[in-house]
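Working notes for the structure below.
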Amino acid sequence: MNTFGHLFRVTTFGESHGPAIGCVIDGCPPGIALGAEEFAHDLARRATGRTRHTSARHEADELEILSGVYQGKTTGTPIALLIRNTDARSKDYARIAEQFRPGHADYAYWQKYGTRDPRGGGRSSARETTMRVAAAVIAKKWLAEKYGVQVRGHLAQIGDVVPASFDWNAVEANPFFWPDASQVAELENYMDALRKSGDSVGARVTVVADNVPPGWGEPIYGKLDGELAAAMMSINAVKGVEIGDGFASVTQKGSEHRDEATREGFLSNHAGGILGGISSGQPVVVSVAFKPTSSLRLPARGLDVRGEEVEIVTTGRHDPCVGIRATPICEAMLALVLMDQALRHRAQCGDVGDVTPRIPGEARTKASK
Amino acid sequence: MNTFGHLFRVTTFGESHGPAIGCVIDGCPPGIALGAEEFAHDLARRATGRTRHTSARHEADELEILSGVYQGKTTGTPIALLIRNTDARSKDYARIAEQFRPGHADYAYWQKYGTRDPRGGGRSSARETTMRVAAAVIAKKWLAEKYGVQVRGHLAQIGDVVPASFDWNAVEANPFFWPDASQVAELENYMDALRKSGDSVGARVTVVADNVPPGWGEPIYGKLDGELAAAMMSINAVKGVEIGDGFASVTQKGSEHRDEATREGFLSNHAGGILGGISSGQPVVVSVAFKPTSSLRLPARGLDVRGEEVEIVTTGRHDPCVGIRATPICEAMLALVLMDQALRHRAQCGDVGDVTPRIPGEARTKASK
Amino acid sequence: MNTFGHLFRVTTFGESHGPAIGCVIDGCPPGIALGAEEFAHDLARRATGRTRHTSARHEADELEILSGVYQGKTTGTPIALLIRNTDARSKDYARIAEQFRPGHADYAYWQKYGTRDPRGGGRSSARETTMRVAAAVIAKKWLAEKYGVQVRGHLAQIGDVVPASFDWNAVEANPFFWPDASQVAELENYMDALRKSGDSVGARVTVVADNVPPGWGEPIYGKLDGELAAAMMSINAVKGVEIGDGFASVTQKGSEHRDEATREGFLSNHAGGILGGISSGQPVVVSVAFKPTSSLRLPARGLDVRGEEVEIVTTGRHDPCVGIRATPICEAMLALVLMDQALRHRAQCGDVGDVTPRIPGEARTKASK
Amino acid sequence: MNTFGHLFRVTTFGESHGPAIGCVIDGCPPGIALGAEEFAHDLARRATGRTRHTSARHEADELEILSGVYQGKTTGTPIALLIRNTDARSKDYARIAEQFRPGHADYAYWQKYGTRDPRGGGRSSARETTMRVAAAVIAKKWLAEKYGVQVRGHLAQIGDVVPASFDWNAVEANPFFWPDASQVAELENYMDALRKSGDSVGARVTVVADNVPPGWGEPIYGKLDGELAAAMMSINAVKGVEIGDGFASVTQKGSEHRDEATREGFLSNHAGGILGGISSGQPVVVSVAFKPTSSLRLPARGLDVRGEEVEIVTTGRHDPCVGIRATPICEAMLALVLMDQALRHRAQCGDVGDVTPRIPGEARTKASK
């Protein structure tokens, strides 16, 4: 199951330290202008090595389009994307092959397959998410051009630190995707201290899609929120997903949670833009919890492949907070789900004309924070 | 997309007030003993009308097996289950057909399909979950008999009330699936006051699967946690899903979160039994947030189908806390995901023999709470 | 795998002599007018017992719509259809439970599942095709209303008998779906003699879809002809499928086979309306080979469930030529494939406007024969 | 839909004259020894340019394994295979971009997508089948090692020429995969004359799988024969598929067609090893009709992209009989279907032990011819 989506299908392949990573995008509409250079921006946003706060691996991430594009436009046939791995230092991982790192996929892969590729985490490495970001470049573009959908995200919490204020313009101006510029120095210090300590910390990312038309999503098992939950939970290190108010709904009253509406629009967006699994026209808001990195210099108790108890210390390049570079990945999964649902919606409901009344998707600014 | 699962596939159908609800279970292993009477227990646990704290609808829920069972055993061909709707009071819903209730799927369905069945919420009613519970009876049985997997759950929070202590034995002895018997009277009062107020409240449910073997789940887009997230989020009124520590991971340090292991077993279960999308052998722990019911006697601002602003008041039978009867539904989705993954695992990895070393799935008691 | 289709998905269930047969149709566009009475015509065409030349079983085939239709129109949610089995004479099949009839699915089911429902062939009975015909009633209607697509078929050969002339008007006027009215008496005698002999014979059915727009079908593994081949081969007793000239292509020259075109249209239709897996705008023509019924009064050598060699004689109701009533079933599968491909096409290529030049789908009359 | 299979899934990509072709194989069991050199044999068998009777394109077909293999064994993660296109003479196809060749996918792609890659047929080129053959190398190996399944095939007819005798040993000793060595000179002359004439001819290929265990295949829409029909029809230029006796069944009597059995085995194999969509243990026999190549030096009437009538002459490299090199492709599709069904069977029926009685799969030699 390395394929995501029903109609806009993305199949990824590749290990962290194998020859290459790549993906095949099947079901893409024809006629979309597409060049290899369009992937650079989001790949750079996701790239490791962007700041000193993420792991030191430097990948050129030179992406090649192998198929599905002719004379600068998609043809409707599968689009294969390829990135060669150029910075794979396999020597870093010699000892890891013998041990099961606590909190890692090592042991689970071993139990499932009876074997595993230990080089850089193999298939379980977050390097796989590069191709999600790449595939989503196409989805973002189509969604924006055809429906005006805007997909963006930000870091919403690191450890105990939460944004003191919110400004979308700040987000892309700092390496943390942090919505308050005034806190960036504080975060720098926080991360420096964390790195020195040898420990790591969790984070929360929030992604938002504006201008999603009402009607996307399918009842029951193809619900928009259900697929978003699966999409986000499939990202490395994710332990929780919320739509709209999420777990805060547990303590809310119904009279507080339900989003009332007038002809001018919705008065709130506790639902996060999804009702009954179908978009309501309000901004789609998803929050994602990332666990702290488990690969630490601090020793831990664990087993090796012979069943012996060992003290496990992980050196090498590892982010002290994987959530920092996760924003573009969460955006990517949001875009991929929306793209797929958009195609499915017009397949089944392409005969349904404009439906009235249409409530304006207000409360946007509030919801997006 | 009314089908759930890849190999153990459940397709449900039916509206709340249509002639019947039902499901077709495809891909079930042959040879499982199965009688119509085996569904009664879990259907009763889920049934509306169980206590005065859930809605007053009384369904006989008499289930008929239409196919796939011969001489009391499954044959491997599709198992169709049918329950006639007998307590559908359509008159309750006459006005609702004209209005979009805030917080309901009404408006989203209308925008998607250009039409909707307003009787009892139609397809968006939680009545659909009856068939999930029914289908999961087979999954639970097979998982228990073949692997000793035990799937169970409990209510973990109502509004601000959390369990003061934890005892699995208490859970089935009260109508709230509440793990502390001493709090049941308090909850009764809480619910009575809530009902009188005309308002509703959210809840949290936690479900646990013990004895899941390591190795179930698939990397990347078929991850066990990803599919659990989709499964839970597909339940009516769910707004958030957590695996293991979930959102608590955001403020944890890596040295705290990672589950160390010795030859005697894991020392903790922050991961909730899943690493890299694959079961680790520890208890699989999932928490689910339910929003408060939106159908309230308290008036709300909304629109009708002509686009006029109206004051919306919902009478009729509605749970003041949908989470109360959600425990069996969450259990059902957990069982369905595990069953499907178990079949997929032996399809791909049936040649992989016993893999050593095998860490005992300890820390179970702690994890289950 | 009792589900057919990707977007217009039909899941069937039920055994020949179980309580009921039925299907769930998922992904149907909303807004299609639909009443239970619309199924009667095609169900009657397919019904056993139509003439003395098909088996004597008489089913009322009273179809009930259980869901997915509100106020006489489809709602976009799953449509469940149910037919109770009312004429199941299980006593006929007592001995069959102990024996493997040569040429039947008995032995194969036994080997696969370790069990089987012997009553009337259980799941392997052609009774299952009733629900394909029912589901296709919706597909035929939508295809006709939206695109003017006309799906029809005829018997093209029984044993050595082939039509002496061709007239679509004759087809529905005789119980054989035979295109030459002057041969009907001959066929009656042929079938009477066959029945007396205790033997059976094979047949060929041809189905045609006119007015299929160009562009339906997907490259490689979702080819229109590939899915038609699977659809037809999935019908009981089918052993061969041809598109257009089919096996006659083996001895053709390229200069003869390729369909030339002018501005007035194509000059021939050897391709059967499909090129590269995609419809060309010409009539889609499919031919299907049915093997002779294997259940015969004439004794055969076979084994029983204890592995003993036995002489097997099948009494009870069996068609001496299953192909006779197969025409509506082949039409159904053609319609289901086209419906699914039409939805998929507009999902991916809904942005592609009218494409010029468009060659008129001529050579239609010739192709349809 | 460029993905084939449910559990052993092959996704291919690439155009004839694009940078590369490739595939991703998902769901492969772990632990299979695999090296890049193992693909060479079957790729050479399929390669264009093998004899002067197939098209002159010479591809090195150097295959690279990009993922999914570690230390010489499959890991269970997706296996990506890549072949760079090195002999793409795009200049040959300049004129073709402006015209729709009769009998080609040109016009159908144009109508579907509003664009097409004309270089060498783009995605509709038979070059895509290279990756099917590559993927099937793994399937063939696993099927042989685990079950002793042997997949092989031969050319069964070219135009009017049929084998005068049958010898499996002859098949691989001549460039036609022809089962009678004494006819090879005749075929050489036949093809030379054909090439001189500028015309082409059709062919028939038969593939056989020996030692398939009984029980593979699924009822109704996942039937083994249904999936084989789709698999074969998805190959370029295929117009017909038969299982066992195929269309010959039309004129057979039931007493002749049904395969009787004794304790020593089946007495015949008219069914081609499949009953009720499930393997019977006899050899699985599939015959496939290939149409004659449509790209001819002989002029044809057709249209250009402006809708003008033009005389179309195709120069460049084209096989006068595409069926000649199709044998390995048909074998590949047979192997892929069997592999997928084998995994599915053990998923659902892994608990079913040895089922008795088991009829020996006799009549093998006869059936294979």
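Should a chain be cited, it is by its letter among A, B, C and D, assigned in written order, with residues numbered from 1 in that chain.
Going forward, a contact is a pair of C-beta atoms (placed from the backbone, for glycine too) under 8 Å apart; a residue touches a chain by one contact, two chains touch by 3 or more.
None of these values were measured; they are calculated from a predicted model.
Peer 1: Using C-alpha centres only, name the chain that sits farthest from subunit C.
Peer 2: A
Peer 1: With contacts counted as defined, which of the two, A-D or B-D, has more C-beta pairs across the interface?
Peer 2: Most contacts of the two pairs: A-D.
Peer 1: State, to the nearest whole Å, the distance from the C-alpha centre of subunit B to the C-alpha centre of subunit D.
Peer 2: Distance between chain centres, rounded to whole Å: 45 Å.
Peer 1: With chain centres taken as the means of their Cα atoms, state the distance from subunit A to subunit B in Å.
Peer 2: Their C-alpha centroids are separated by 26 Å.
Peer 1: In whole angstrom, what separates the CA-based centres of subunit A and subunit D?
Peer 2: The computed centroid separation for subunit A versus subunit D comes out at 39 Å.
Peer 1: Give the residues of subunit C that touch two or more other chains, as numbers and ranges in rising order.
Peer 2: 1-3, 6, 12, 27, 30-31, 76-77, 112-114, 123, 219, 344, 349, 352
Peer 1: Line, ring, star, complete or other: which one describes how these chains touch?
Peer 2: Its topology is that of a complete graph.
Peer 1: If we count contacts the way the header does, which residues on subunit B are in touch with subunit A in the complex?
Peer 2: 1-4, 6, 12, 100-114, 123-124, 128, 157, 159-160, 199-204, 214-223, 225-234, 236, 238-247, 249-263, 267, 270-272, 274-281, 289-296, 298, 300-303, 305-307, 309, 320, 344-345, 349, 352-353, 355-359
Peer 1: Along subunit B, where are the residues that touch subunit D in the complex?
Peer 2: 6-7, 27-31, 76-77, 146, 219, 343-344, 346-352
Peer 1: Contact residues on subunit C for subunit B in the complex?
Peer 2: 1-3, 9, 11-15, 18-22, 24, 26-27, 30-31, 64-68, 70, 73, 75-80, 82, 112-117, 119, 122-123
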